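Paired with chain B in one complex and with chain C in the other, chain A is shared by the two complexes that follow.
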Partner chain A sequence: MQENSLSVFNFEACQKCSICNTVCPMMAANPSYPGPKKAGPDQERYRLKDPAFYDYALKYCLSCKRCEVACPSGVQVADIIQKARLEHAPSSKHPMRDAMLAHTDFMGTLASPFAGLVNEVLPLRPVKAVLDGAFGIDARRTFPKYSSEKFTTWFHRKTEKEQARFDRFVTYFHGCYVNYNYPQLAKDFVKVMNAAGYGVHLLEKERCCGVALVANNFGRQAVRQAKVNIASMEKAVAGGEEVLTTSSSCTYMMRNDYSEVLNLPTDGYRDSLSLACKWLYGKIQSGDVKLRFRKDFRMKLSYHTACHMQRLGWQTYTIELLKLVPGVELTVLDQNCCGIAGTFGFKKENYPYSQKVGSVLFEDIRRSNPQAVVTECETCKWQIEMSTGIPVLNPISVIAAALED
Partner chain B sequence: MIKEYDVIIVGGGITGACTARDCALRGLKTLLIEREDLCDGASGRNHGLLHSGARYAVNDPEGARECIRENLILKKIASNCVEATGGLFISLPEDGLDWQAKFVTKCREAGIDARILDPEKVKREVPAVNQSIIGAVSVPDASVDPFRLTDANALDAVRHGADILKFCSVEDFVRESGRVVGVRVRNAGGTQEIRGREVVLAAGIWAARLAEKAGVHISMLPSKGSLLVFGHRVADIVINRCRKPSNADIIVPDDAVSVLGTTSDKVPFEDCDDMRVTAAEVEVLLKEGVQLVPSLAHTRIIRAYAGVRPLVSEGGDGRSASRGIVLLDHETRDGVPGLITITGGKLTTARLMAEMTADLVCSKLGVNAKCRTAQLPLTGSETAERKVSKVIDHKLGNKAQEGTLAAVGRHGSESLKMDFKGPGAELVCECEQVTRAEIAYSIKEFGVRNLQDLRRHTRIGMGTCQGSHCVRRAAEILAEELGCPDRAGEFLNDYLQERWKGMTPVLWGETLREAEFMRNRYGRKDYEI
Partner chain C sequence: MGGKTMRFDTVVIGGGRAGQEAALTRARLGKKVCLVSAGLTLHVLEPGAEGHPYGLLKNLADEGVTVLRGDVVTGGNWDGMLLREVFTANGVDLQADEFVLATGRFFSRGLVADMNGIRESIFGADVDCPEDRSLWFDSDFFAPQPFESFGVKTDGNKRISIGGNFALNVYAAGKILGGKYNAGK
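Let's turn to the complex of A and B:
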């Protein structure tokens, strides 16, 4: 008799119950997607026999990981699919586009110095037509605007010295979006941490977490960048600091996918890597941190649980944290995927599926009629803003706005 | 049916099917009779290993030479049944390298391309292999699908004019002045006599009992071999132990699973119709199997099964029993003209056994016709690759194409006869990727009676879940296609019993969970243990 019957191929735990199929948003939106059970455990056995069994339709997987949340047998369905794509996916029909979408760091570095021009040019109709026709980026999409000053530039110039006045610190992994497009969130983060009595350090070296690289099958580049981040995070953690982020997708990537998909070691930092809201809620609960909020703050908010947030199971900390803010009227939306899945929804061929997947969520948001939607995921933010016109905030920005000056 | 056949072959295993094909190709009026479905006996209960002959090189050089010759022939003529995986013979520290030296010399003498490999390189390239190996030799072993090979031979026989009677048992021989001139058979329709100028027994271990009815004694020893099916491919290559052949020292990548075996135990004749794997056998298999591939210690076992080797002991005692080919001309041996027995041998050498048999039949009948089975490709493997690629358009990501690649893998160019459009596109068995199109084709071409027959021709329900996901749907489709919608429940229950039989000896871990899921899904039943 065997002590257990689970090999390194975790798909063997699959009992073919098909619960994963019932929660897969893509399967419902696109009949040519085989669904997580087939795309994952079933076809993996045949891919082991012959890579020719790789199904082109695996490109439709959103990596939302809802299948993993639902699986009663603990099968890492989305990881199986993602690894199969990294190993077997045929070369893209739009290699240029996929490279542009995937290399967020590189594109940000290119665009930032010309932010004004880029922001003017990108939304122009002829430019969109070219992007749509020649590159396969759907014309109905608008790229997030680039910031003329990167967050890191601002940090080093304006606040790094000031941080030294604190005697305890957290290390911030800001991510690409915050650095190149939306430094305000990072400024809000610094404000909140300082109010909590913590100074902010940055990682010695930070690269894009790689979630977009993996999704676009740039596995080797993702590993190179991950190794830089791992070394920096290990160093910060060894120095006694927690590493905090404001993005659920970056967090999931670095906590889970670095080991599960890229086979890299995460033991040196994993338990000390957290989302800012979870960390903050814990500190408030333990009495370490006390925040003072404005008395006149009023905001009607709807909380959207990003898919990776659901997979982490951490939405409850954010929700509880927001409930501590006086004047917040909070609706928690039903947990549905917004459909953009990072770079997926920008691709012309995916646009209709992306919107179909998101339609349930959009309807819920409109019905709840908030001043702003709150979520930890930047790409959910783009999708919800583009599809509903309602602004989307990171919960840290809500906390920052509600803090007493 | 015709009035008198040139040759009647009894036994629809691989030997019988090959013999029927050979005889039909030589222009003989041929009948193949099988009491159950094709491939129901030992032919469907083995390793699925196409021997290179290396395993026999040291102890049985003649067998080794036969194997390598047939190995090369089958790779050519049966491309849709054979996967040229290659094989390894690994030496562990306790084995030493003495056997390896002798083994390689003997392989080369037999014409087997055996090459000594750098064990470090093997460890890197086949990460599943026991990492403490001190030596490794590559040989041209391969994986062969015995169901497919039997089907392909039978189909080709039929297409060259042979008749096949399945689900029909031979009760006795028809004799005229000492000569066997036909058989008396029984099937659902009753009994009848069928006349044949020569009768060939190709019934494996069951030949002994049949021969007695003609007053002929063949001393046979039923030898049980048990095997375990692991849920996925642990390695893409056949792995053998480089030592004196022993228990559980071969693991074969068959389709999407790995098969570990075998044991070897004498069993009484009366057990041969219903082989069950014992806990002790499972233990031996596992204990030895982990020496080849350590991860087998925690790889899901989806099933255990056993077959019976028809060992012939012409010398009398067990030790001298031969695993070689035994062709008995009962006219010269026992004074019973009209009767021939072909037995012993291996799946790998079945074509050669058929050739030897057909040669003898032709000489008896005074027919001068050469054997062509070594040259003519088998049904399904006519290297129609361009045509086949039309079927595989899975790159379109089109749902209608699901399962077509698996069907092509199983049936080769025969898959061109399947209609994957419309209702045919439905994927019924998701583990083994069997579409309704493949089911419809198999029902038509192989005349299946129930789900167990259907399984042999399609692999339906042979994957990880052992049918718990698809059996109800499969039963409904089968009943519908056969025009007996009220029998779906019966098909389902029979099939579950058979699956349960194979799962019982390995009922722990994930397979136990699956069995519980199955039981709760289809209702509690008393299973025959």
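Let's turn to the complex of A and C:
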């Protein structure tokens, strides 16, 4: 990039071409959002003079980072906006709600023992009315179900000992959603890795990656949790293992935003942190791994490139990997944002924008008429399932289902 | 790096008009092509891009070209003068039989100028320009500027050279070729 620019996030390199504005999903849905060019590099000049120039409308930024992918000059537009929010955003009108949405580990630990009850109670009309009225969580939103058994509990009880039969290992960063809500994905991951000839280890300590904390302006808590993850990942990498994930947003957070937004060191693990699909495709290409697939597997799938996946630039690995599975009929959808942006779409004031942003994608999905949509992002999964009624799978679950027993 | 490599027939570096055309031409010849583009280019805003926000890049995808958007090539792995693979900032390794360098001139940072000279930004390819810095520009602002015709040195097949040796499989295309007919307006 521009070597002589001393500006933070390269904002001096902005040539005002406005191409970021043309790809911003929020700008198209919400006239009160000034768009990435203005919210990012333009207003940054004013904010540097006086933080009073902070524009409240920056809260509408989805942090989808499509502006950064589009920028031909390498300006980290979304990071400029994110940093400005962390430093200057006024305190929330719904502090309790934002804290609940952001602290996924805490809420998961709280809800898991009562999963049956929580899952029954949360969708009830009166409960939703209270959440909507008192907390500002939109009543039209459906919640992901909690699992009665956490993935980590299952792992330690059922499979940890079995893993010792392998002589090579990968370390798995499972993430909150997999642990508290959807352990099946982690079980699929273990199945695929074992079929590839690798045992699975967990990190010594894992915390929520912090992407929801940063989005809700809990910067200090995010740093605390990031430090725990960094230490654990460094240890795994020092032991010769790669750290694999199944969530694109957790991966982007730990690979890029830990250093760029939170100013923490990532050199100790960055090149060894990878999405499982990227790793697996590489291993298959180099001949290290050979997977045996069922001959009778048939599935019509549409691949949705999640925003952070696009920013990582690794969707090609997943697409090529899925093409290797016999019986998969794959449509690659145009790259559009689903609109939920993590916790953004849960908030009452954002719900209409969230659905408006996603409408293009939903239409595209319906037109392609798949049995399932495939994507690496868990919040895209909630949004697409709620808005289209079509099930959404992680690509690792597709691989697991296609494997020969 | 090892093990995360993708294989193509042709890798085109730079998603401007030259890069897009190079990628499209090779794809239509039946090659498996990957195009690495730092961002969207202004061309997508031009008429004729079928009103699609991703315009020409979308057309490329329809032709079977794999497009890596928002990514830049940072370097390569050479076997003598044969380029085996290139690495990107996003950590993608791309192997290919041939590579097309279409990163443009100064504005798109294909060429980088400083007080000591002008260099090609990815491979350090030889640049055709006088050493004497005073010959780079004409002090008459409105006169044709010599630096506008600078570009990489190439052989008859438009292959770039590094340290005086011509690369076997790296071709230059578009503005980075230089020459007075290719000068910016």
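Going forward, the second predicted complex is superposed on the first by the 397 of 405 C-alpha atoms of A that agree within 3 Å, B and C clash if a C-alpha of one lies under 4 Å from a C-alpha of the other, contacts with A are read in each partner's own complex, and residues count from 1 in each chain.
Simple rule for what comes next: contacts are C-beta pairs under 8 Å (C-beta built on N, C-alpha and C of every residue); 3 or more make two chains touch, one makes a residue touch a chain.
No experiment lies behind these values; they were computed from the predicted model shown.
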Inset, instruction - Look at A:164 in the shared chain and tell me whether it touches chain B only, chain C only, both, or neither; answer first, second, both or neither. - result: neither
Inset, instruction - Once the structures are superposed on A, label A:286 by its partner contacts, choosing first (chain B), second (chain C), both or neither. - result: second
Inset, instruction - With the two complexes superposed on chain A, say which partner A:57 touches: chain B (first), chain C (second), both, or neither. - result: first
Inset, instruction - Applying the touch criterion given at the start, work out whether A:320 contacts chain B, chain C, both or neither, answering first, second, both or neither. - result: second
Inset, instruction - Could you tell me if A:46 is touching chain B, chain C, both of them or neither one (first, second, both, neither)? - result: first
Inset, instruction - For A:32, select first, second, both or neither according to whether it touches chain B, chain C, the two together, or no partner. - result: first
Inset, instruction - State whether A:16 touches chain B only (first), chain C only (second), both chains, or neither. - result: first
Inset, instruction - In the overlay, answer first, second, both or neither for which of chain B and chain C A:90 touches. - result: first
Inset, instruction - Show which residues of chain A both chain B and chain C reach, each in its own complex. - result: 1-3, 17, 73
Legend entry - Contacting residues of chain A [partner chain B, same complex]: 1-9, 11-18, 31-32, 34, 37-38, 41-46, 48-50, 52-53, 55-57, 59-60, 73, 90
Legend entry - Residues of chain C defined as touching chain A within the complex: 1-7, 38-42, 44-45, 53-54, 58, 61, 66, 68-72, 88, 90-92, 108-109, 112
Legend entry - Complex contact set, residues of chain A against chain C: 1-3, 17, 19, 22-23, 68-74, 271, 274, 278-279, 281-283, 285-286, 288, 310-314, 316-317, 320, 332, 334-335
Inset, instruction - Using the touch definition up top, name the residues of chain B that touch chain A in the complex. - result: 231-234, 236, 253, 255-257, 282-283, 286, 295, 297-301, 394-399, 402, 405-406, 409, 427, 430-431, 433, 463-465, 468-469, 508-511, 513-514, 517
